[in-house]
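I've put the structures underneath this note.
Presented sequentially are two complexes of chain A, the first with chain B as partner and the second with chain C.
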Partner chain A sequence: MTAVVPDASRAGSRKAKGSAYQPVGRGTFLLLLTPLLLVFAFGFAYPLLTVGRFAFDRFESAVGQIPAWSTEQFSAILGTEVYRDLLVRTLLLALVTTLVSILICYPLALAITRGPRRLRGILMALTLMPMLTSVVVKTFGWTVLLSREGFLQGVLDSLGIPVQLLFTPLGVVIGLVHTYMPFMALSLVAALARIDRRTEEAATSLGSGPLGVFFKVTLPQTRNGLAAGMVLTFVTSMSALVTPQLLGGGRVNTLVTVIYTQATSAQNWPLASALGLVLLAITFLILLLNSVVMGRGSRN
Partner chain B sequence: MSQISEQRAEPGRPDTGAGAVVVEFDGVTQSYGAHQVLHDFSLQVTRGELVALLGPSGSGKTTALRILAGFLTPDSGRVRLDGKDVTRTAPNKRGIGLVFQSYALFPHLTVEQNIAYPLKVQGTRREQVRTRVTELLELVRLDGQGHKKPARLSGGQQQRVALARALAMGPEVLLLDEPLSNLDANLRRDVGEEIRRLQQRTGTTAIMVTHDRQEAFGMADRIAVLRGGRIEQLGTPRELYTTPATPFMARFVGEANLIPGTVERSDGGLAWVRTAAGTLPGRGQAVAGESAQLLVRPEDLHLVSGTEDGPRLQGRVVDTFYYGSSLVAEVETAGVVLTVDLPGSTPAPAQESVVTLGYSPEVAVLVPGGDT
Partner chain C sequence: MWATVLAVLAFIVAPLAVVVASSFTATGYLAFPPEGFSLEWYGAAARNSTFVDSFLTSLQLALAVAAICALVSIPASYAIARHPGRTATLLEQVFLSPLMLPAVVFGLGLLFVLSALGYRGTFVGGLLGHVIIASPFVIRSVLAGFRDMDPHLEDAAMSLGASRLRAFLTVTLPSVLGSAMSGLVFAFVISFDEAVVTLFLTGPSFETLPVTIFTYVQYSNDPTIAAVSTVLIAISFVLVALTMRSPKDSDDR
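Coming up: the complex of A and B.
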């Protein structure tokens, strides 16, 4: 995750260099990490390896899981239109969620960092609220608001807009944005707080209007924060389960909801595992892309 | 206006009224809440002149700068640029080149892109931008550094980039906010002289804000000393040093020995002041009987051994400090401790010994006002 939080490691090493204290010895160092290593080994590495192994098994509905070394699950995923569509829909949902989050969170982050001082704490608390409430509770709340008798659907109906909210991709995006936008907001608040406001005054004195200042000076300086927020929002909303499941009502499927049904009701662990690996691969690809983009930005 | 003119600018001679007024503050008043930071502030700056606003923090100098730049709208009063009222003009429409104390370079752009910024905003053609940026890089002696990000430059170099960026827009006026305060002490003088040379070479009218007397003295044609939101005195550095208008000014612009007394008589430009240390002469005109102070700078006092002419002061040596090039003696005379700067080669007088100090009457000056 160092790619997502670019400054943390650098700041740490800078402080350590000036420290008058000896670093702990190698033995102590490893001992300190042991609890985490144990959790990591049994809670993450072992299940992941199992899933990785399952992905190459075969499956027949009559027999069940057949141990094998076969790529039939992957060729099914990449070769069948249903799964390709699923992949595209999942990415599209995450992308739309990310873009909507930017549009909501940029103004919000500006208000938090530059608004009246006494309102900052309140705004920040409101922003973090979605992170502090259970996804299930939150999503049921949205179900009520978005349902046929719900308030929001009622407003749309009375305006004569023929759009259904619940059990549609639109409803899922609304739920995803609400759940994951704190990541975007926090990244942007951190990035905006770091900007030297005098660079904006300088741009103004050099002839730029408010829009010019924003697009040429403010926005470029929040590039890394924006990228971090995008990665976090995209990856988390892509791997969300509860929100698409409840707000999609079985009619909006994503990679994760399909993994869930395949693993639980269909008991098709090989397919579920293979889909899981595809999801993991996409996540790594995004992190890689992010670190490449960030690396280019900080050169010179 | 967009070209750097190489001709040497005529320094403005405000005393004689020559030179066009470029910047004018006219009765500007500004307060933050109940706290008034500028009182009826008026100042005229003529073309090609560098005026320093000098004052301690809270004196209103930065407020004046921000009002001129357009980031603050004054409560009352007018600001004019080239005779045009700009009091309510947006900062991006004023054509004022601002050099920030922290330089405020764009960290995401290279040095070249920083300097090209105002040119691009103005819609300058690309080839022309390139020529001009090259010219400016040469002017501030940063050729070959254009591709770097500002963070990779030293403080002095960043300062020059900020200057080049401000000059790139062909500004009507250049504003320098504490231009030397972020630099190492041993660099300040060089950079200050460099800025001064550039300002004169390009014939740019400039206003600088500083709390550092040395900076203002070394760079400015005229200095406005601010105190509590008002101009305490406006004049050339020499005028401020040799003829301070108030006891505050006398102390603010340098080390000052102020001897309080009462004016006895004045004639032919010299006044005689009766003090506890005797009746002493100094430049100035005053009505007899008024209280006044006689200012003698430490470097203008010397030890008298023989029977030469001139005013005399007798005193007791309290302490001496040897600084190599100079010897500073503190001499108490009639309740006033005088600081005396002597050449370093002078043998140090013994403590508690009685010495006679002398000065030439024309270097001492009468400062109106009683003891403060």
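Coming up: the complex of A and C.
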């Protein structure tokens, strides 16, 4: 009961704050926004529109890019087995990365929210550490660990497990999980922190075992956080460039690595643009699907 | 469960620990576990003009990005915070959208536009790309500052006769200094560590440190990259540690 009172007063004061601001006039509003709007119009909107336009150009290796309104690139992407495989591989890598992230982040998030209080800060800092390091540096570390002469490969070899790590999909997934798991961990920490622990105590006192409590009470209550973490991990790992490029070594291609090589070495800009639009379309579809499902979930 | 947590933590720390540890190796090739102890690779990095040039480019770029983000994002955030409505909400979403958009698609588009104008592989082109990527972090942080500050301060200054500009400069801006600083430090770090968009915009006369490392990793097995990477890790960590302290400082005041 006591906890409710300061909350209410704070909400009241915030409401009063909102009305006390002196709004700026329309002219000042526009004047203050103009510099950023110009930067975004030229540096953001125009480039994206150019990608949209180039995707419908034609390309012949002898001539180069030919301005047109053709769907040649899209029919090549959707109709050729090479590109269909590429699409499937990209989605599979992102899916596996997301599922592995759930498995390793759930125990971590439980430790952060329910472990000894002194450890929580350290655990959280360690979890966020990959986010504070350039993806190039992290991936460089993995190339050393996963390489043929590297530590992990040595362990596998001495155990007689005939699995190669560097320049294989497995190596790429290891790097992707490491780079994008903080998103999953943060979502799960937020979801677990919101759970009313009394629901678990109630289940225990009604005779449920620890596994039953976890799967029937704890896990269902983190559904929304889990969904948010999955969407973020999937979308970001699908768009990764540095990790598949360095850990795949040209042998594990994704939509994004092909966009990069087509744009920079092959100079086939129409194909790169069309692949870019496909990536954009998948991203939007996932975000849209998520907002529809989440909207329905919160209404129930 | 604790065994799993320890394993996960080892997984998180492993690649960074390997980079730092192997930068001190005494062997002529990357080795983990490192053999011997030596600082010679830091010396080698300092004598390598490619690494030094990239480092200086990255430093100048990140400083310029933070400065431009401050100049264009702080006024825009103030406008959005003090003129609420449908337009402001829409603009806020547009300005934050680089956070959700796949960076490759943006890098690709910027490559096209800059090539057409003859600015591919230039510092200015890289600057434009980095400002777009880093500005959402400044906007998010500063917008929260403008929305959470005590509105009576601004109101009091203006009713005592200060113009809006004077009230902004002497009252509003100082009271959001903490959130502005942490936003700008983030902009610096984002720019300093950025690789994806930069890989599309790089050229012989414009190469940042992450791009140089990216290139070296593919063709070389030389511990100098480990030394350079350790420097990059250290800079990001120190800067982020500083921002984590700054909100506490502003609370004390």
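Following the convention adopted for this analysis, the second predicted complex is superposed on the first by the 260 of 300 C-alpha atoms of A that agree within 3 Å, B and C clash if a C-alpha of one lies under 4 Å from a C-alpha of the other, contacts with A are read in each partner's own complex, and residues count from 1 in each chain.
What we mean here is this: contacts are C-beta pairs under 8 Å (C-beta built on N, C-alpha and C of every residue); 3 or more make two chains touch, one makes a residue touch a chain.
Fair warning: this is a prediction, and the values are worked out from it, not measured in the lab.
Enquirer: Regarding the shared-chain residue A:256, is it in contact with chain B (first), chain C (second), both, or neither?
Expert: In the superposition, A:256 contacts chain C only.
Enquirer: Just chain B (first), just chain C (second), both, or neither: which does A:124 touch?
Expert: neither
Enquirer: Could you tell me if A:178 is touching chain B, chain C, both of them or neither one (first, second, both, neither)?
Expert: The answer is second: A:178 touches chain C but not chain B.
Enquirer: Between chain C and chain B, which one touches more residues of chain A when both complexes sit on the common chain A?
Expert: Of the two chains, more chain A residues are contacted by C.
Enquirer: Which partner does A:91 reach: the first (chain B), the second (chain C), both, or neither?
Expert: The answer is neither, since A:91 touches no partner chain.
Enquirer: State whether A:102 touches chain B only (first), chain C only (second), both chains, or neither.
Expert: After superposition on chain A, A:102 lies in contact with neither partner.
Enquirer: Contacts for A:207 in the overlay, against chain B (first) and chain C (second): which applies, first, second, both or neither?
Expert: Only chain B is touched by A:207; chain C is not.
Enquirer: So in the complex, the part of chain B that touches chain A is made up of which residues?
Expert: For this pair, the touching residues of chain B are 69-71, 90-92, 94-98, 100, 102, 104-110, 117-118, 121-122, 147-149, 152, 165-166, 169.
Enquirer: For chain C, which residues count as touching chain A in their complex?
Expert: Listed in rising order, the residues of chain C that touch chain A are 1-2, 4-5, 8-9, 11-19, 22, 30, 32-33, 71-73, 75-76, 78-84, 91, 94-95, 98, 100-106, 108-113, 128-129, 131-132, 135, 150-152, 154-155, 158, 164, 189, 192-196, 199-200, 210-211, 213-214, 217-218, 225-226, 229, 232-233, 236-237, 240.
Enquirer: For the complex, which residues does chain A have touching chain B?
Expert: 196, 198-199, 201-209, 212, 216-217, 220-221, 223, 297, 300
Enquirer: Provide the residue numbers of chain A that touch chain C in the complex, in ascending order.
Expert: Residues in contact with chain C: 17-18, 20-24, 26, 28-30, 32-33, 35-37, 39-40, 42-44, 46-51, 54, 104-105, 107-108, 110-111, 115, 123, 126-127, 129-130, 132-145, 150-151, 178, 181, 235, 238-239, 241-242, 245-246, 249, 256, 259-260, 263-264, 269, 272-273, 276-277, 279-280, 283, 287.
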